[in-house]
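We call the chains A, B, C and D, going by the order they appear; numbering starts again at 1 in every chain.
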Amino acid sequence: MEAYFQLAYIAAAVLFIVGLKMLGRADTARRGNMVSAVGMLVAVVATLLQSGVDYAVVFAGLVVGGGVGVFWSRRVQMTQMPETVALFNGAGGGASLLVGWAEFLSRPGQDTVTAIATVLAVLVGGVTLTGSIVAWGKLSERVSGRPILFGGQQVVNGALLLAAVVVGVLFAMNPGGGYAWLLVAIAVALVLGVLSVIPIGGADMPIVISLLNSYSGLAASAAGFVIDNTVLIVAGSLVGASGLILTQIMCKAMNRSLTNVLFSGFGSATQSTGQAVEGEVKAMTPEDAYFVLEAANNVVFVPGYGMAVAQAQHAVKELADLLEENGAEVRYAIHPVAGRMPGHMNVLLAEANVPYEQLVEPGDVNPNMEMVDVAVVIGANDVVNPAAKEDKGSPLYGMPIIEVDRARTTFVLKRSMKPGFSGVENPLFYKDNTRMVFGDAKAVLGQLVGEFKSD
Amino acid sequence: MEAYFQLAYIAAAVLFIVGLKMLGRADTARRGNMVSAVGMLVAVVATLLQSGVDYAVVFAGLVVGGGVGVFWSRRVQMTQMPETVALFNGAGGGASLLVGWAEFLSRPGQDTVTAIATVLAVLVGGVTLTGSIVAWGKLSERVSGRPILFGGQQVVNGALLLAAVVVGVLFAMNPGGGYAWLLVAIAVALVLGVLSVIPIGGADMPIVISLLNSYSGLAASAAGFVIDNTVLIVAGSLVGASGLILTQIMCKAMNRSLTNVLFSGFGSATQSTGQAVEGEVKAMTPEDAYFVLEAANNVVFVPGYGMAVAQAQHAVKELADLLEENGAEVRYAIHPVAGRMPGHMNVLLAEANVPYEQLVEPGDVNPNMEMVDVAVVIGANDVVNPAAKEDKGSPLYGMPIIEVDRARTTFVLKRSMKPGFSGVENPLFYKDNTRMVFGDAKAVLGQLVGEFKSD
Amino acid sequence: MTVLLLLLFIFVLAIFLGRELIQKVPSQLHTPLMSGTNAISGIAIVGAIASTAVGGTFSTVLAFIAVVLASINVFGGYLVTDRMLGMFRAGKRED
Amino acid sequence: MTVLLLLLFIFVLAIFLGRELIQKVPSQLHTPLMSGTNAISGIAIVGAIASTAVGGTFSTVLAFIAVVLASINVFGGYLVTDRMLGMFRAGKRED
């Protein structure tokens, strides 16, 4: 019998591996997710058939938890995805913590290795739990998105980390007798999760969530060592390793290092802008902008975080349709870190039914930027900041941008002259061929659409 | 103690994994090989420390085998590499076979699973052993390189394969008592190895060796199950899987399928040439060719198997140096399957100290082929055959080629009008801008060099 | 002891495998991929289910909460990933 | 039985890992890579060494031959791969 369970676990592991691989490619991603879900089903069923499982408890738990999960996943809007993932992730970490705890209570005479695994599951699971909740709070603006900094913060965090290690060692050295140490470990982990995430700015939360996701995998893996369960170990460490790689990939796309994200409190204050900006700001009314657009043959939209804030994606699509009717070629240049989560713009534009083939990457549009009659920047800022190319002193220096400063005309739709996420001034706004069209993006686009229609 | 061995094995496995990964990239390949060698050392030392090992026997074996291996690897020429690898590979397969056999003799009361593993190690190891020896014979021309075909060959091979399975099952069902079956299995495997490789043409041997390499990994893995040894299982299956992928990659580069390689007897007879070739062959003497080269600014050499046969790489380099002195730009266009083993041309040209940056791929040189004054084809044939682009009936159709037919002038250095490896006629030789410079490649190049020097 | 070391071996291999599986992901897949791997980390549900076998009221309560949390992760995680990827598909359908 | 299943798990993971490790190899590396993996398959030497522990004259003879063959594979395999890769390096030095 035992042998069949193991074989089922091997099958589940293979399904996870194949599913994960498929998740990384656009054309197979959705099926990959289903393959991985089947793997989960296989693992759960095999576990349910094992002796001793308390079906009443499991069933009740599945109904409650499953219900919450289903409800939640249906209700959230696309823009709330990252924080939702954070919550789910925290739940997973919490489960690993509880598994370690419950196992300890029922089998207190643990050997050293099991004790180490237990305390790791509890510590990593605990950090994941509260860290994810804070990340959720920041993204959903229940907690301030600004980095919360206080004097000696890094010292406190360092001390907590040390405490976690010490408690872990004490517990492992005294296996079975160390219930008090285990409780202390739980408390330390929960506090550490909160304190290590609050100093990080809200906009960096996607990276933090990805990292915590990796942690929750490792916590599950540790729990697997506690109960000698292979599929827990394998699936957990797959997530632990792939989550870490994904975190690095995300950091790279934002031109940041992981250390910088975790410890710098980036975005905590408006930073020095590097060079002073020269030139004159030229504003334009939507009416005048309309005449320019009307004459354009080649238009590129550059959406950014402001489009998400204004929920202007449908208005953009409407304007694009009118421009196309008018004979213009329309494309959308999507910067990998536009918005506040990876793929943010893609999701919003997909929601508005923008055809996939009109989405282009910076590398496709930059070489021919001189041929673009009008580049319409919709609530984007950092991703079109020429300082990233020109000003070595700028914090953005080195990040690839969408080079709308080289287009024939550039319209920037935003509400004010305020800087974007990075807090860095944008010399684009002062260029000769730039016109600022101030106002909420959705409202301005609505006016432009109105002009086209009344024509 | 046992725990330390396992930990050492884990370390060895990690070194193999890292080494294998590094082997796949040009800049880290050599270090990767060393990393993997360290892994082997760790595994061997850990095994030596285990109880019961007969040091005298091991030491004698290491000295004899190591001596042969070292001697051989020093003595062979670069062009003999593939057959040397084949021999080493066969030795590995043989070792797995013998491990299975020896273990059975000493512990006849095997359980079913061990029995299955034993018979697999013996079967796969045996096929690897004799198959590799035949491959070596073909490449080193000790056995005819032509496919050896006889009536009902596939039936015989099919029957042998079936026999292997049946014997395996009988042995596994009667664990312990089936020594006779084991001996039959050994015999069947050895015969099967010979018979399945002899129908394959000599030029396909690199692929066969790569496949047998994968087999030898699997045999080792099976031997690992016989003696419950983790590092054998892991390293063996790493090689088994990566060898299979490598085999597929190699097939793809030659535009062949694995089935086609294994079962078609490709190259067994001069095949139909597809279209009849029209046009007139224009020969040229080396003296006249010299005048054309002397006036050329942009020269591309296209080496092929004939350069290897003539050992003309040093002569090519000498001519190239003279051309460069004369003010011409010189490049070498290397087709991935030029020659008879992957990387054949790269190895030869590296031996002649051709600078790495002068080697270009077909994709780099084809788009600007019209700018090339003279393309010098040195004993290449199939890789420059325009039928691959033009003639849907040709067996080469679809293979990417180096499109020298579009160069201003093309010299083809070969001894006759005979076709190349594929047996397909080459319309290139009949094109208006092609001149045949007949003769041994080294001799002709020598004459050209002489003309330049006497100038 | 042997079992433990074999589990350790499995752990090491899975770590390397996880590392190799994710490479060169297009940026619009970063969020779905994060969400998809998060769903897999819901494998803690297997531990949670197994821990209901322990007995003892308090332990059972802990195990129950563990099952609840883990199933939130599993159900929510897979469904939300699917919804996200469905969006992309919808956008793609038009080409 | 448990040990066996764990070994099977290890086998499966290693197979997937081997598959992932080799991707998009430039063609001039095909031969060295083949040779390098061949050297790794010389791991059969571990089995050969272990099998010298079996006793019995004939078994010992088999084990001895196994050690000889496996060490040909290991020593020859690594050295020949290194020589091949050294050639490439030599060609590369000049840039």
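In this text, contacts are C-beta pairs under 8 Å (C-beta built on N, C-alpha and C of every residue); 3 or more make two chains touch, one makes a residue touch a chain.
None of the values given here were measured: they were computed from a predicted structure.
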item: Maximum centroid distance from chain D, chain identifier (CA atoms); value: A
item: For chain B paired with chain C, centre-to-centre distance based on mean C-alpha positions, whole Å; value: 42
item: Mean-CA-position distance for chain C and chain A (Å); value: 17
item: Centre distance in Å when chain A and chain B are each reduced to the mean of their C-alpha atoms; value: 46
item: Residues of chain D touching at least two other chains; value: 2-3, 6-7, 9-10, 13-14, 16-17, 20-21
item: Residues of chain B touching at least two other chains; value: 13, 17, 21, 230, 234
item: Chain-to-chain touches, reported pairwise for every pair that qualifies; value: A-C, A-D, B-C, B-D, C-D
item: Chain C residues within the chain A interface of the complex; value: 3-4, 7, 10-11, 14-19, 21-56, 58-60, 62-92, 94-95
item: Chain C residues within the chain D interface of the complex; value: 2-3, 6-7, 9-10, 13-14, 16-17, 20-21
item: Chain C-facing residues of chain A, complex; value: 13, 16-17, 19-21, 23-26, 29-30, 32-34, 36-37, 39-40, 43-44, 47-48, 50-54, 57-58, 60-62, 64-66, 68-70, 72-74, 76, 78, 81-82, 84-85, 87-89, 91-92, 94-96, 98-99, 101-103, 105-107, 113, 206, 209-210, 213, 216-217, 219-221, 223-246, 249-250, 253, 334, 336-337, 341-344, 346-347, 349-351, 353-357
item: In the complex, chain B residues that touch chain C; value: 2-3, 6-7, 9-10, 13-14, 17, 21, 230, 234
item: Chain C - residues contacting chain B, complex; value: 1-2, 5-6, 8-9, 12-13, 16, 20
